[in-house]
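Listed below are the structures to be examined.
Presented sequentially are two complexes of chain A, the first with chain B as partner and the second with chain C.
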Partner chain A sequence: MGDFRDKLRAVIDGKGETHIERKRHRMVFLATVGTALLLIVFVMMLCIGPTAILDPIDALSNLFSAIGKDGSAMTDKEVMVFSSRFPRAVAAIAVGLGLSIAGTSYQAVIRNPLVDPYIMGVSSGAGTFAIAVIAFNFTFFGLISSHSIYLIAIAAIIGGLLAFGLTMVLAHRADATTNAYVLSGVVIGLVFGAVQTLMIVFSGNKVSDVLLWLFGSFANITWDKALFILIPVIVMSVLLFRYAKELNLILLGENQARQMGLDVKKFNAIVLVLASVMTAFCVAFCGIIGFVGLVVPHLCRMLFGGDHRLVLPASLALGGVLMMLADLVARMIIPGTELPVGAITTMIGVPVFAYLLIKRGKIYNG
Partner chain B sequence: MTTLEIKDVDFGYDEGHIVLHNINLNITEPGLYCVIGPNGVGKSTLAKCVSKIVNPLTGEVLINGRNIKEMTHREVSEVVGYVPAFSQDVFSMSVVDTIMIGRHNHRRWGSRKKDLEMVYKAMTIMRIRDLGDRRFNELSAGQHQKVSIARGLVQETEVLILDEPTANLDVKFQVYVMELLRGVAEKLGIIILTICHDLNVTAKYSHKVIMLERPGKIFAYGTPEEVITAENIEKVYGIKCRVTNDGEHGVPLVILGAPIMSDEIDGR
Partner chain C sequence: MDEVPLLEVRHLDKVYENGYHADRDISFSIPSGKLVGLIGPNGCGKTTMMRCINKMHMPTSGDILIDGESVMPKTPAEVARLVSNVPAEMTASFGLTVFETVMLGRYPYLQNMWWETEEDESIVVDTLKKFGVYHLQDRALNMLSSGEQQRVLIAKAYVQNPRLMLVDEPTSHLDMKYKLDVMEYLRAMIKQDMTILVAEHDISLMARYCDLCIIMKKGQLIAIGEPKKVITEELIREVYEVEASVGFDRDGEIYVLPKRYKGPPEDEVPLE
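Right after this comes the complex of A and B.
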């Protein structure tokens, strides 16, 4: 065990290697450990649920037999694993990695450790529109059927993007500096937040539905919804991964980045649009889940250093794993009750974060 | 041969507040060119105009005959390197990673062996080889400066602009850096433009000196002997001084006297 720990330490600290070797070793370490953790927790998600706890072989054999049947004429167990737990796990991974990668990108572009994926007003806009649908049956003036299962999600995406769009317009009318983005996001967020508060006050007996959505949950996830989150999140993440090198460059400041060949205004706009669209899709079906997008990037920086070619894949793995674990706890801790997953992510995340902050937090103040 | 020409450049950050007035400069030979002048005279702004961080209101900056206004930022970064006076250190990376950023235009998503060799070479030159694994934000101000200069060197450009490269450095390193920059300019045949506050260091190491006066005009341009004179210093800086010969290298040696505190000269 001691030997293994020494080796692990050597990989993380990178003693006795050239710089490129160390990067390569960390990359391999991340890929293997990250994939293994994602797979293990994913299988746990398939095995564990309030109705029944299966052993991994049972869960996987039910999954494969359900896939073999192409989703028709399934047994109860197959339905449970394939139609309920599997999409829920997929959605949890997608939202976890999406929020983490969005958070990492936002923090780099805005160069501020306090920034999270909701800084550009996406959550407030999404929340406002989702509440309008839940509490007041808003159907976009009849454009979308009130029976559509996507109504809340579409409303949330539109609301999120509207708030983000207004933030961008305001920031660009100012001078498109990072401070302008942050302040515009805060102001637009406050406006939507105020509207939200007023709507909650008048939402009558719908208030508990509204709060359930706002707290975030994976309870009602189906295959369609899981894919609706997963596909855009993967596309946006791949596009953001391509900018890892530029995210390193922008850390030097906008003047320096511009001089080194980066069209800073265009780059900022692209990254913010990608991250915000991704955030809007993440909150659409599952509500507003806090903490992950703020803290996972920091955990990854503390573990792997500041290079975004490592921080982004680390955020992907850790975000996915943390979100699945949180969902597992949220649905298991009180049988028959779904707790808000956002509260659980915070409870799991804070001790880990506090430990790392004490051990490796000096990276933030020199 | 690299050339740098600044033609009729005016620049202001906002209307009615012009920082640079009608700057004309034609550099046709490689060497170390020092820009001197009092605080707020537009030295850093001039450096930013030449490296396309800001665009002049009128006039043009030509590098090897090409107007940088018509070049993309990427194209400019291939011929001009810029080392700022202060470096941000939010989410800072290791020293090697930080210097590696200077290779931005030379590398793809991953780093190659050649990039790393360049980085190590620059670290050796700047005597910071032992700092490679340290985080940038753990370093002292002087070490920051050395890392930033190393990052400028690995950019491998024909024109290198440094905004106060000797600020925060101890006396020994001020001399070492200026000697090094002069050597690099001569050896590689590139134009190095640096902003400097120490008149004696400027006199000793620069090939040519550009002296700016308020409000953002070139007051004198020439060899250190031509520019660093008691009369010029008094007029531009508002300080009495005596300029003699350093006796060893034949360059001017400035012995400062009392400042002349008047509103006209301070301009504030």
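Right after this comes the complex of A and C.
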């Protein structure tokens, strides 16, 4: 496997003479291969589904004819490709890259490789509020129509950001060190987790709906929902990309980064807020999909090195591709039954993570 | 001295938030192109003073001037181009290589560029060679020995191209050979336009390598001057409350041999 990685590296690096040339090569490789993979898997997402498997030309021609029709009088096939599979693929890409970029950013700022996007309590806060809606028709005291497709999503975002806010307040009341963030996140997560458990116990016949949301799924994604996820994820990602160099700098420790001209407190706060808002949007419709935000950053570091100017774009591509593949598996592996995608990512993620831990653990500890 | 000193510390006072008075009315100045040793017992305020010099901490009162200009109104990035610092130890490198770590020393010069320039790269390569870590350039920082890590951290501070480099206890967990090694590298780095201020407990080592010594005790400046003039048995007794012999070896190098703790205050009965 080490051999394989070296060979892959040689391809990725090209014939670069200097470090900078090699990094530029890696970037070009990432841009081309990443885009190609995203496109290929995206087309696979349009072709493959439980109702029918189309060949790529068929799928694409249905897609383009549907786009031409502007939504009216579509054939069944066009509806399937354009209104069901397409937004679903978009949502999978958005959530995959969002969770991966959030995970990468969190890991750098907290400088702990075990950190995932849910470390700051976002998932438990989101889960608690989402369950309140699903099981008890919580409508924010009538503020949001109980028929709105956004009700669960908005509840999840509010809950996620509430938990994140509480984590930040607690961490800052402590000493705002990276340990304080992790510990506060764990504590807040436990509190919301307990409320969540209580609600599940009393959720009666809604319990399966609740569990379905919690495990995460891209079923029932429409165009509106896909865009509702995609747009904020793109905005947050672009903003985080601008901090790539600073994410490298912070790896030297807060004192060194501060000494080299970075306003560390402000930087930490900005990155954590951006990553948490992004995570909240990722879980809003699709529930809590585990392991992607933990494993993808490590895979990217293994392939492209620790420089965030490469890790961030790599997370974007790999996160998007892997999430689409996981969704394909989730809807195809057992005919007639759609598995929660979170279960698939966990089943793939655990062995990959164990492998990384064994092979690469040394790199993270002294 | 007619020319403007490289570093001037004026009546520096630092009182921490908890009321602890770590530095008291410290004033001195040092010229360009010197290796300056900062010596004093644990907790006497050496690190605190260094942190005030590069604005990591705000002094409670007093001023720090570099080339005659106060650092107080300068932005962190401006200070980073004047003063670099070598930490006593390093946190996890998270897969950053030695090359990438040293390259981060160029961060204050990057401005809005995405990649570093070829010029940055050649500065880093030259420095890696100069510090004998070129062959380690693709290794992860935390896979190196402490001695190698220390060299990498010094290299990083060096490519920052500062006027003043602050080095805090660089040899604290190094063996004899690496201690000399670090001091040799610091010595070799001194250029006409750069001064290094190094805090260190090994007085003999400091006396041998430094052009100037600054002696501190309980937050105050006790002495500043050439090592051979400043380091005496009386001074060691006053500063450390330790009996020591200060002598010269065959090559005329000064050495300090601690003998015993001065013992309990005079009014208590000594054991002998």
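We adopt the following convention: the second predicted complex is superposed on the first by the 332 of 366 C-alpha atoms of A that agree within 3 Å, B and C clash if a C-alpha of one lies under 4 Å from a C-alpha of the other, contacts with A are read in each partner's own complex, and residues count from 1 in each chain.
The rule we apply is simple: contacts are C-beta pairs under 8 Å (C-beta built on N, C-alpha and C of every residue); 3 or more make two chains touch, one makes a residue touch a chain.
Quantities reported herein were computed from a predicted structural model and do not represent experimental measurements.
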Clash or fit, chain B versus chain C on superposed chain A: clash
Which superposed partner A:T18 touches (first chain B, second chain C, both, neither): both
Touching partner for A:R301 - first (chain B), second (chain C), both, neither: both
Touching partner for A:V233 - first (chain B), second (chain C), both, neither: neither
First, second, both or neither for A:Q256, with chain B first and chain C second: both
Intersection of the chain A residues that touch chain B with those that touch chain C: 18-20, 23, 107-108, 111, 113, 244-245, 248-249, 251-253, 255-256, 258-263, 301, 305-307, 309, 362-366
Chain C partner contacts - residues on chain A that touch it in the complex: 18-20, 23-24, 107-108, 111, 113, 244-245, 248-249, 251-253, 255-256, 258-263, 301, 305-307, 309, 360, 362-366
In the complex with chain A, residue positions of chain C that touch it: 54, 56, 75-80, 83-85, 87, 90-97, 99-101, 103-105, 107-108, 110, 114-118, 120-121, 140, 142-143, 160
Footprint of chain B on chain A - complex, ascending: 14, 18-20, 23, 107-108, 111-113, 242, 244-245, 248-249, 251-253, 255-256, 258-263, 301, 305-307, 309, 362-366
Contact set on chain B toward chain A in their complex: 48, 51-53, 72-78, 80-82, 84, 87-94, 96-97, 100-102, 104-105, 107, 109-111, 113, 116, 119, 132-133, 135, 137-139, 155
